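Read through the structures below before going on.
What follows is chain A paired twice: with chain B in the first complex and chain C in the second.
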Partner chain A sequence: MTGEQPATSSPAPAAAGVPDRARGLARYTADLIPPGTVLVGLARSPYAHARVSSIDIQAALKIPGVLAALTPADFDDIALGHQGADEPVLTRVARYVGDGIVAVAASDQDALLRGIEALHIDYEILPHACSVDDALALDQPLHPAFLDNVARRFSAERGDWEAAQKRVSTWVEGTFQTQAVPHAYLEPRATLVRVYDDRLELVTGTHFPSVLAETYGEIVAGWGARLEVVTPDIGGSFGAKWEHPTHLVCLAFAHRLRRDVAMVLPRRDDMISGRTRVAMRIQMRIGATDDGELIAKETMIWADNGAYTGHGPSVTLAAAIRMDNLYRFSALNAQAQLIYTNNVPSECFRGFGSPQSAFAQEQLIDELAEQLRIDPIELRRRNAVQPGDTTLHGWQVGSCGFNDCLDAIKDRIQTHRRENPMATSDRYRFGYGIAGATHAISNRGYDHRFDRDMMSLAVEPNGVLRIESGEVEIGCGTVDLFAGIVADHLELDRERIRLVLGDTATVPHGLGCFASRTAFFGGRAALDASRRFAQLCGRLAIDIGLPADTAIASVIEAAVTANRTMELRVTGSYEPDHVTVPDESGYGNISPAYTYATHGCCVRVDTATGLTTVVCYWAAHDTGQVLNPQRARGQVVGGVVQGLGFALAETTLVDDRGHMQNPGYLDDRVATFADAVPIECIFTPTFEKEGPRGAKTIAEPPIIPVAACVANAIYDATGARQWRLPMTPEWVWRSLCAKGVLAPDRTAD
Partner chain B sequence: MPPAKSPALRPSHLPPVELYRPADLGELLAHAADGVHLLAGGTDLVVWASQCGEPRRLAWIGSIDQLQTLDITSDRAHIGAAVTLSRIVRSGQFRSLAPAVVDGAAVVGSVQLRNQATLVGNVCTASPGGDTIPALHVHDAALDIVSAAGDRRSVKISDFVHGPGQTGLNTGEVVTGVTLRGLGQREGSAFSRFTQRNALDLAIASVAACLSFESDGRTVARAHLSMGAVGPTVLDADEAARSLVGHPLEPARLRNCADLTAECCRPITDHRASADYRRQLVRTLTMDVVDAAAERAIPGWLAVEAP
Partner chain C sequence: MQVTLRVNGKLSEVPPSFIGRRLLDYLRAELGLTGVKEGCGEGDCGACTVLVEGQPMCSCLLLTGVLDGREITTIEGLPETFLAQFSAACAEYGAVQCGYCTPGIAVMAAWLQAGGSEVSAQPITKLLEGNLCRCTGYQQIIEALSALQ
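Entry: the complex of A and B
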């Protein structure tokens, strides 16, 4: 077992997740490292692309306190990556600045740093490429099996393109560039490995302990060891914390040294070797008829995979096609390529590829509206997807409240305009913007075997009901919902329910907390388990001589008295039956339900500095029935603020040698509290019959439309279209200069 | 070249440090003479120590009462070396004496940071973008310095800072505080910086202005302009300031003055901003702070309508 460390969240309802964190009571991986634990560090490549020609660890091993070193040879036949196993644990060819070459274990931090400094590594420098264009032009493959540096190609053609084209009277087009941003979680990557003879216990924050246990389990089985994964409180991830080389380095040291080992990345290391959102160049064209019927859309994407493949392939495919499902197009053509570069490996990030593609699509829809002289909300409304539709990509739309979202935003903007006549001056310009979004709940294509969640309920000898789930509390408060659903359904006191999470030794399989799936899948599994449990209680009641409809709480009490609590144990599950594994082009009903949103905002642009200030923000979401309004609002506000960082400030800057120039939160300008803006959250509830109690999910969608929404508002204010993210003051100022928007003349002579 | 020796790739980690807590100035001077590094709020020093692994011997000035004083008279202020930015921001008396310095102090980092960081630490760090420095320029501030031997000297702020991270402090010397000139009649000062984020950010450009008017309440009698983050040190824009003197502050004159500051600054292009954007910011900030300083000098005076 896990020893004294809690893999379990506290029993009190209010204490699960958020309030604990707010009170500083959460215990993250780094808090669980006892003194005396062996510390691990990496020697990282200073070159973006280089072959390691020799490694000498002897001098390092002589430093007092240095215990061992591992080199690429220790991991020769292991490559990580779910969607393209191409990332070595330690590498013989450095493919980005920060790539790990040699790992050192030491008894203290000073010895560790001295040990790393004493390593002798020689490199043969190779030509590198830090942009997709350079990579396509590079006559040297970054990975031998991919001669043209294209890791993956996607193509999706739907409808009758020729016929559709003929109906188009107006085309709008543009090329948009989105940037790589780090996930900016507060808890840097941290790993602790505890050793119990041949059993290794990996303690780390992750989206999916069950999958880690499966993936690493096979590897450590080759060393003659067994593995369990424990996930304690997680200080954020947003799509970053999956498999990582540092896990295996720690597992290997622990196994060799037979000692507990730990590694907590300093912020800068975390950022240079962490993951980023997939940067994309998106070339897009949308055609419509004169009366505003959207007909055809063509998309070309060049996506920057970085050095290794995380979830880049599914992110790229999502960017290529998902946002198409928001409107009733007649024909679609999407081509995308995912290209290896010498940048930090990319990953999925809240919203998957949709914040990227929404930035392009929702600006072009506005362009169309302007050209066709139709109100942008009206244009969207006329073409909005409707309940019961099957989209060109095979999505079977159940509940859909996109129209309601559009109406709500229209109403807010009209009211705001009326009540706040804007003091537009030469210097300050005001404008309004909107953008729509859609998202899936989980993705049947993620694990080809199944898309499922399980939950067990068991009564402890004292009558407490224990919920066991393979899902983790990633910071949204989602799993607390499970307890709420069970308590409500069984009419039990929430105080008498205990949640056990994230310890693969004791909980049933969970696919993971990602893709906005947890509340939906876990919630349905909770309902299923509750129903089964109620049946069991009914049978036990009769057996004990109570009426079959005795309250569950009383049956549990009777079971305690009769010493028969061990009979009250069930496992429930949820696996939607109307979803399909998508084909290579992404066609298929990938999700049991779909969510919709429209955002609106009012901005003020300072034409003298290019600074965009968001005056007011409205976020309308169709998330089905809202199960917990406070938490749902928290997700929306968080998503919008995170989206504003993506829209206006955040980026990774790389110099011409491939060194990241802003590996910290000073120059990766994540929004702070002082940057938060007034946000109104509007829920336009539908009832999703597939969802738990009519609910869908919130999680990712709030970030998707933000950049597009702000870009449209900047355009409305200034007439300068924004083709590039982030829309920093300097870039906006340049776009104003290019447009001839006169800036600093504040008064006439 | 072994990677770990490249300082950019050294994992940041605060090494064990020897920390002294001298009780008086004499003890502090003895430590300084011994090569021990001075620690005030530590908001710069601890960051460097984590990144570079040194210095490892530190003497904390915070327990020396003498350095905690914030002395304010009718025409001058003395800020002890251990006085935090928060104390400065909270003092109403200080605000009326040197509003530009408060403007600068109030935007440093965040609340938590300002509770810890000192004004003197900000000056000694000698960053071209140090947010209190331009305002100290326009308030004719001087640093009070004492040597190991007990010799005292006073150095004008513009002579004290030599370059990024470089000051005129000799080994063993300690800054005991800063003395500055308070506003006189019909005089106002202001500071403004441009950042991309509303907290925890560094200036891409900043400007401070101090302006006094003749008794007619219109003609500029004296002007001092100073610019941050657009040169190796904070720079005085003397010609631009002179262009205002002897004339009423009319829009065309103000614009011309702003153009002059933009011309005389020496910005670089780096990952934070390009040189020409920094010039544009200096131009805009100049207009903003001259406006604000004039408004403080003659309340109700406004060259242009407020945004």
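Entry: the complex of A and C
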């Protein structure tokens, strides 16, 4: 059957660089929806856990403008989830408030809303659990295959635990609670599906177009159609935009109706059905010798998976072991479980599981320092991982500037202390805190087949050089980085370069923008492609009768004149050879290099209200050679402010029926201009020989140590340890009461 | 009921189907001014900010029916000289990451530059409190806007 749509694809959109974005010329998914596109909406479950006993769509279908409806029966064989495959597209059993039950397609917004209202859905309410403890105690499984509601268990034991324990003279321990936080990107989830004669084209902002094309491609193939994925400009994601049921709902309607369809989530829907950071309870203890040698660390984690499994398994494993790699422990023991609840599905979020585990670990390191009477920076320095180390988890450390980061922060704090004598009073207390962090670049365990990137360079008939990559620009500066590397290497004018990113019909394979891997992997692929392109230009030059060392720009010009631009096309790639697929316990050299950081801050705590104000913040990072200082600084400052939101303000509040109480920016307490704090960004460069021009990466590390850093400063100011996030005035005040810091007339209860 | 707006200098009559709908919808869907972004639809984020008679407002909170005769300016209607300056400052200071909030901030920057007593009396951080950015942490936007003043 031939549809009304044109049979050929529209040209792949060029990814916008900063100047275009500043002029409002970037095109996000919702900007590409033409008038007359079929609109899609969902009827969502109002219950946290309920069986759908009946669905009646007849009344809805009679409403003028309503074109079709889809029910769970239309998706019976499909389950989504890169690491779990447990999320129905539309569900017969609602597992969180907001779970999609019926989808409606209509010709306009009014008809759509009336259609959704006219649906009759009956539910049989089931007992629900909105905390990991409730879920473990629940006498029925949320997913039939997981009788105890534990979606995944991890265990990692390294070194000789018994021998190590004997050497420990001092243990410190604590139980820490971290919270779910929405990613709160500015561009809500949006999906457009275009229908062509032989295929469906999914247009959506995502981290990994190639994986979507693969995952959905198999499903769409079952319908007898083909799929391509186009990634337009992306309005932020921070780890949220992967597979999503709304994609398949739109694909199914487009296939059935043979018309373009679109769905843009209202902010509230985006928040209740989007994804959140994985909330965790972390019980941890760390042991050391009297002279400050870190010996052993034990970690137990209870992680809230939410209703379905996104990247919760990887995040939980990362939280269990990654931060261990910062120090030279002798023995480690980590146990973690990821538990299904009736909360919104959780996901990875900038920093993966490390902001959660850093909150615990870096506070306990400070606690140890105090008990051992060693300066906290000195304690970290003595035990810091060093270049050439292989850690207990199998990380082969190449470049490592953790000590330099520690020194830089020590210097900043000393100077600040000297130059700003703090007016500490009974009510207002000032304190300094520090915290360290490490992060991988990519994760070889993510896709067991490969971890690689490719880039093609091709000259268009008009002489413009087109960069084609499977990576996407998610706001980190990928467009400028790729164009910059190629322009620089080939000595070409940036204006003569165009980028096509994440259009699976035309670009070579790229695994995607996650794990802070794009600059490193994509950068290496860009260098390889540039080298090959230069060689090709040399050969073409000779063929045309020019000297072999003719400038690339002149060769391109000559190729245009000779109508031989078609010959100027190469593909470069990068795949590290010294990484290993980790085993089930996470052991392996998962990344070609590792990054390091230390943060420091000065806070003021109002003991009357518990309000913590960040006076000054310093972030020191070893990210190898810095390729673009301005953009790198942007990642650091942006990551720190997001981290301050996680530390002090943001949380997902759920009532006892499982309803999210704050599905909006205002009530989630996303940082505003008024919350901007002075942040000094310090790069302590190393040279990473595996990296592009000695560089490592910087997107995720800046958020990792923030909450721990602020918590340590609050402790320094008040003597009250922080066991839970976010450290809102109320909880800090409670911690002060528990510690007896407040005058008796101000204490709680 | 007839509603006529002047959008970016051009008179445009709002068709009946858009009377009673949000200014944001009219600008994007009818006039194709997709530089105006919808982030929340609740006036929290400021991505949809436009100038109404020179004053910044969230176009998601305004119904077209109450705007008869008003002058509306979107990012598309800002003077080229300003956009060139703004764009250069954003590039120089690293003030743009994903760029979704940027059109709203550009409109605010144009309003700041136009001056007025309300503007001079308050710091940028206060004046722009209604424009959210999840990427940058604000510092580099503040630097770019300060350079433009």
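Note that in this section the second predicted complex is superposed on the first by the 721 of 749 C-alpha atoms of A that agree within 3 Å, B and C clash if a C-alpha of one lies under 4 Å from a C-alpha of the other, contacts with A are read in each partner's own complex, and residues count from 1 in each chain.
In this text, a contact is a pair of C-beta atoms (placed from the backbone, for glycine too) under 8 Å apart; a residue touches a chain by one contact, two chains touch by 3 or more.
What you see is a predicted model; the values in this text were computed from it and never measured.
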| item | value |
| --- | --- |
| Touching partner for A:Val641 - first (chain B), second (chain C), both, neither | second |
| First, second, both or neither for A:Pro46, with chain B first and chain C second | first |
| Contacts of A:Leu202 with chain B and chain C, given as first, second, both or neither | neither |
| First, second, both or neither for A:Leu119, with chain B first and chain C second | first |
| First, second, both or neither for A:Pro35, with chain B first and chain C second | second |
| Chain B versus chain C as contact partner of A:Ala597, first or second or both or neither | neither |
| Touched partner set for A:Ala674, first chain B, second chain C, both or neither | both |
| Which superposed partner A:Tyr665 touches (first chain B, second chain C, both, neither) | both |
| Partner chain in contact with A:Ala26 - chain B first, chain C second, else both or neither | second |
| Shared chain A surface residues [contacts with chain B and with chain C] | 266-267, 665-666, 671-675 |
| Sites on chain C touched by chain A in the complex | 28-29, 34-42, 44-45, 47, 75-76, 83, 86-88, 90-103, 106, 124-126, 128-142 |
| Chain B to chain A touching residues, read off their complex | 1-6, 8-13, 15-16, 53, 110, 194, 196-202, 251-252, 255, 258, 271-274, 277, 280-281, 283-284, 287, 303-305, 307 |
| Contact set on chain A toward chain B in their complex | 41, 43-46, 97-98, 101, 109-110, 113, 116-117, 119-121, 265-269, 272, 423, 425, 427-428, 608-609, 611, 648-649, 653, 655, 659, 661-662, 665-667, 669, 671-675, 728-730, 733-734, 743-747, 749 |
| Complex interface listing, chain A residues touching chain C | 16, 18-19, 21-28, 30-31, 35, 183-188, 233-236, 238, 264, 266-267, 474-477, 630-631, 633-634, 637-642, 664-666, 670-676, 678-679 |
